[in-house]
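Below are two complexes that have chain A in common, paired first with chain B and then with chain C.
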Partner chain A sequence: MDGVLIPTLVSGLLLGSLYALMASGLSLVWSTLGVFNFAHGALMTLGAYVAWTVTEQLGLGVALGFVAGVGAAAIAGVLIELLLVRPFYESRNMMLITVMTTLAASTIIERGISMIWGPRLKQLPRVIDGQVSIFGAPVSSHEALIIVLAPAVLAGLWWYTGRTRSGRSLRAVGQNQDAAALIGIDVPRTFSLAFGLSAALAGLTGVLLGSIRFITPGLGADPLVNAMIVVIFGGLGSLGATAGAAYVIGLIEALLILWLGLYWTPSVLFVGLILVLIFRPNGLFGKAS
Partner chain B sequence: MTRKQRLFALAGLVVLLLIPLVVQDSYTRHVFIIAFIYATVAVNWDLSLGIGGLFNFGHLAFFGIGVYTAAILTTALDFSPWIAIFAGGVTAALSALLIALPVARLKGIYVVLVTFAFGQLCMQIVLSQGDLTGGAEGLVRLPYLKIGDYSFIRDFKLGYYYLGLALLTVSVIVLLFVASSPFGRSLRAIRDNPEYATARGISVARQRVLVLVASAVFTGVIGGFYAIYLRVASPEVFGFSIGTLVLSMVLIGGAGSILGPVFAALALTFATEAMAGVRGLEEARFIVVAVAMVLVLRIAPSGAIDIFSRLINRSHKN
Partner chain C sequence: MSTLLDVKGIHGGYGAVPVLHGIDIHLDSGEAIGLFGPNGHGKTTLLRMVSGLLRPTSGQIVFDGKDITRAKPSTIVTAGLVQAQQGNTLFGDMGVEETLQLSAFSPPARDGWKTRLEEVHALFPRLAERRRQLARTLSGGERQMLSIGCALMCAPRLLILDEPTLGLSPRLKGELREAIAAIAAKGVPLIVVEQDVEFLLALTDRLYLIEQGEVAREIDRDNAPDHKAIMDMYFGEQAH
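Up next is the complex of A and B:
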């Protein structure tokens, strides 16, 4: 058992890191605007494709590809907010309508991607080559980078939303839009900021994932569902609960894969989720509203 | 439903019954059959989403479960396709019961997330249990539907056309009865004012379970019909694309109106099939439908059909 346990924990840590990056973006938009962005997975895919084009087709190198991928996702995120979310602010069913419009956005982006880039599989080069060893378990440097980068990004996000002026405006708007507007916060600009930031996180996840998995137009679909399971478990309200749930789910998933195999893991995870929700309708860490 | 709407629906049904006399080629009839199938899925979705106000985004899972029930029963277990079609309704209703257990107590966005994740989970199960479901390739060569020696594929799919139309008609009639029954009124009460409905003694949790199960029955049956008609089952039925397409039918037709989604389904199926024939539009047609859905939400939240009826009413007054 010893020989397998450590690599399993490390792969759980890797999954948890990716889920945390994805889910924190979802949680950020939710807690600021009360919108759940179903295009989050598609934004991730877009980031990976743009990074691939810049790195491989234009030959400009991984670093520039990285920046371009994250930037493209952020721009697309702001566009989604302007075109598909902003017109519905005043609507009584804004939450439901934006679920539908962001679903439409995800179709538009996904189909657009397969029209532009075609169906051939693509893969990004790794940011760093080579292998490192974590507690005796061999891991590729790229995966180790993800494991280190995710907590750093989350910490940065935590610092940003807690300590900086514009970050705190996100939380102010999330808590009370009218009061935030009264003290001089530009509410619509803050919404765009939240969407852009969240989309940048999606793009970052896509670029990181694009060198581990093959890039297809459906790259973002599975991670989105897993991120959804994370936010159901952790609740959508706070960054800390979301990140915590991401690592818990990642570790549980890795252990389930070890014990039950890849095939049964999603089903068992989902049944577990249903059981949790029957007894705790606000999620495992969620507070009763 | 007003008298005028009832007459309009009846006229529509008569036209659809007569169409095979005029339309003799099997491709156009195929598009009609697909339209009947989508329309049945759309109206049943309208029951939970539009009338029940339940944020159910896993409706296509019930359809897919019907598809795979029929496919597995006929290929692996040699059941008669007739039994397989209706078995789809049973398994879909049972799965609706399973998903209703947590959904009954959840609020707002969490209902969306759980039902949506349920649909994706069904796809993952289908993909991973390849021995039974055929995995990504799906199941092919399901048996033909027959009565005695008469195969439904003969006479340019005449049998499939009328069976599809019959399933749609029965489903719509049942839904119209449900919508005007005390149960339907209690659903609208919950949708429009949950606190008041609860105060009047309506159990939100119980009605949610009932509406999910009720909306799953015909969806599963039509899924079984879809599999038997096309003679294949592929995991695509759980995917984003079909889901968004059917959702757009509900919204463009007008959520909560039952008949609206039927007309929207017919119109949109023909529109997307027409675009599928144009080179370069195979992928773009999904984008067009998605954009149309957003525009309808923006301009006419009660559905595009509603605009027409408002225009007609206005011209009557003048």
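Up next is the complex of A and C:
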């Protein structure tokens, strides 16, 4: 058993790290605006393609590709907020309308990507080559980087939202918009900030995914669903709840794959999530309100 | 004395429902004024317009010589016009100290925030005791103290307090009123909304009675009404 368990836990850790990266941005927009950004997956895809163009086509190297991918996603995120979310702030049905407008953005981005980059599969080079061993389990260095990077990014976000002026303003706006405005916080600008930051996280996830999976226009579709499940399962709340849910789901998924195989794992996982939500309707780490 | 705030002919309300029908109030620098009148007659609506949370359909609001009628709330706070809302929870999941620190948000409020935090603690020692507590676990009185404390952290050049003692016990009411009097004594220009006219008369220079979206009466110390006249204003003279 020992020989199988540790590699399984490591692959669970990798899954959890990816889920945490995917979901943290989605959770940030949800907790600031009360909006689910359905274009979050498409932003991941965009980040991966831009990184590929800069790295492979322009030959400028992985590092610059990384930065360009994250930056492009961030800009696209701010544009989505300005053009497709901001006009509906005053609307009573803002949440439902933005489901539609961000879904539209997702389609437009995906189709645009197909037109610009074509249907051929692409792949980014790994940020680092080689292998390392985690507790005796061999892992590619790139995957080890993801396992280390995800908690670092989450810790950075936690520090940012908890300790800095602009990070705290995101939380303030999420909790009480009028009160935030009355202490001088520019609420619409904070919404843009949330979208931009969230999209940057999506771009980062896309770039990291782009070297362990093939880049296709639909690269972000599955991660979007996964991220939404993680955010809802975590209790639609804080960053900590989202991160916790990501790792719980990642580890359980890896163990289920070990015990049941790939075929049944998604169904059993969903049944498990539904059962948890029956007994804890506010999510795994949600507060009863 | 120069005019600090000039509200001229404000009309407006929520959607198609008009609440205010041409309100004129003004405040000179160094002055404190009070607003009173029955609930639901437009006091809070007026204050939301002054702070930029709601747009009037017509009229003009001038603060310190600048037209702020259509300014953003953040611009208005940066200019120094600060409002403490009625007893709300501010940011439920934020700590007391964190909330106060964040409130020194606008660029002019950032300098000297530590001194102001000490002043807020001196004024409301309860907030210093509860600095690590989350805002939603505070009592009604403590929430009100935090709300006023946050407004003070914004470095106000004009402070608006909307019913700061609403729903509090008589003992807490007294405590908060002493604190408000202490703020006024420091020379911060104030607009206070209260139901207790006697308290307002002791604290402020002039009062406006807001009724059915209009200024029904302006009162200063020279034409101060007696208790019976105040009751008449609230309940209508036909009741007698």
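As a convention for this text, the second predicted complex is superposed on the first by the 289 of 289 C-alpha atoms of A that agree within 3 Å, B and C clash if a C-alpha of one lies under 4 Å from a C-alpha of the other, contacts with A are read in each partner's own complex, and residues count from 1 in each chain.
Throughout what follows, a contact is a pair of C-beta atoms (placed from the backbone, for glycine too) under 8 Å apart; a residue touches a chain by one contact, two chains touch by 3 or more.
The structure displayed is predicted, hence computed values, not measured ones.
With the two structures aligned on chain A, chain B fits next to chain C without clashing.
Judged by the touch definition given at the top, the superposed model places A:I183 against chain C, while chain B stays out of reach.
With both complexes placed on chain A, chain A has more residues touched by B than by the other of chain B and chain C.
The vertex angle at chain A, taken between the C-alpha centres of chain B and chain C once both structures are aligned on chain A, is 90 degrees to the nearest 10.
Of the two partner chains, chain B is the only one touched by A:E110; chain C is not. When the two structures are aligned on the shared chain, A:R171 is found in touch with chain C, with no touch to chain B. After overlaying the two complexes on the shared chain, residue contacts for A:S141 are found with neither chain B nor chain C. Of the two partner chains, neither chain B nor chain C is touched by A:Q57.
In the superposed model, A:Q131 makes contact with neither chain B nor chain C. Once both structures are overlaid on their shared chain A, chain B and chain C have a minimum Cα-Cα separation of 17 Å. For chain A in complex with chain B, the touching residues are 30, 36, 38, 84, 87-88, 91, 95-97, 99-101, 103-108, 110-112, 114-115, 221, 225, 228-229, 231-232, 236, 262-264, 266-267, 270, 273-274, 277-278, 281-283, 289.
For chain B in complex with chain A, the residues that touch the partner chain are 55, 57, 98-99, 101-102, 105-110, 112-114, 116-118, 120-121, 124-125, 128-129, 240-241, 243-244, 247-248, 251, 283-284, 286-287, 289-291, 293-294, 297-298, 301.
Touching chain A in their complex are the following residues of chain C: 51-53, 72-74, 77-78, 82-85, 88-94, 98, 101-103, 105-106, 109, 150-151, 153-154. Against chain C, in their complex, chain A makes its touches with residues 165, 168-169, 171-172, 175-176, 178-187, 238.
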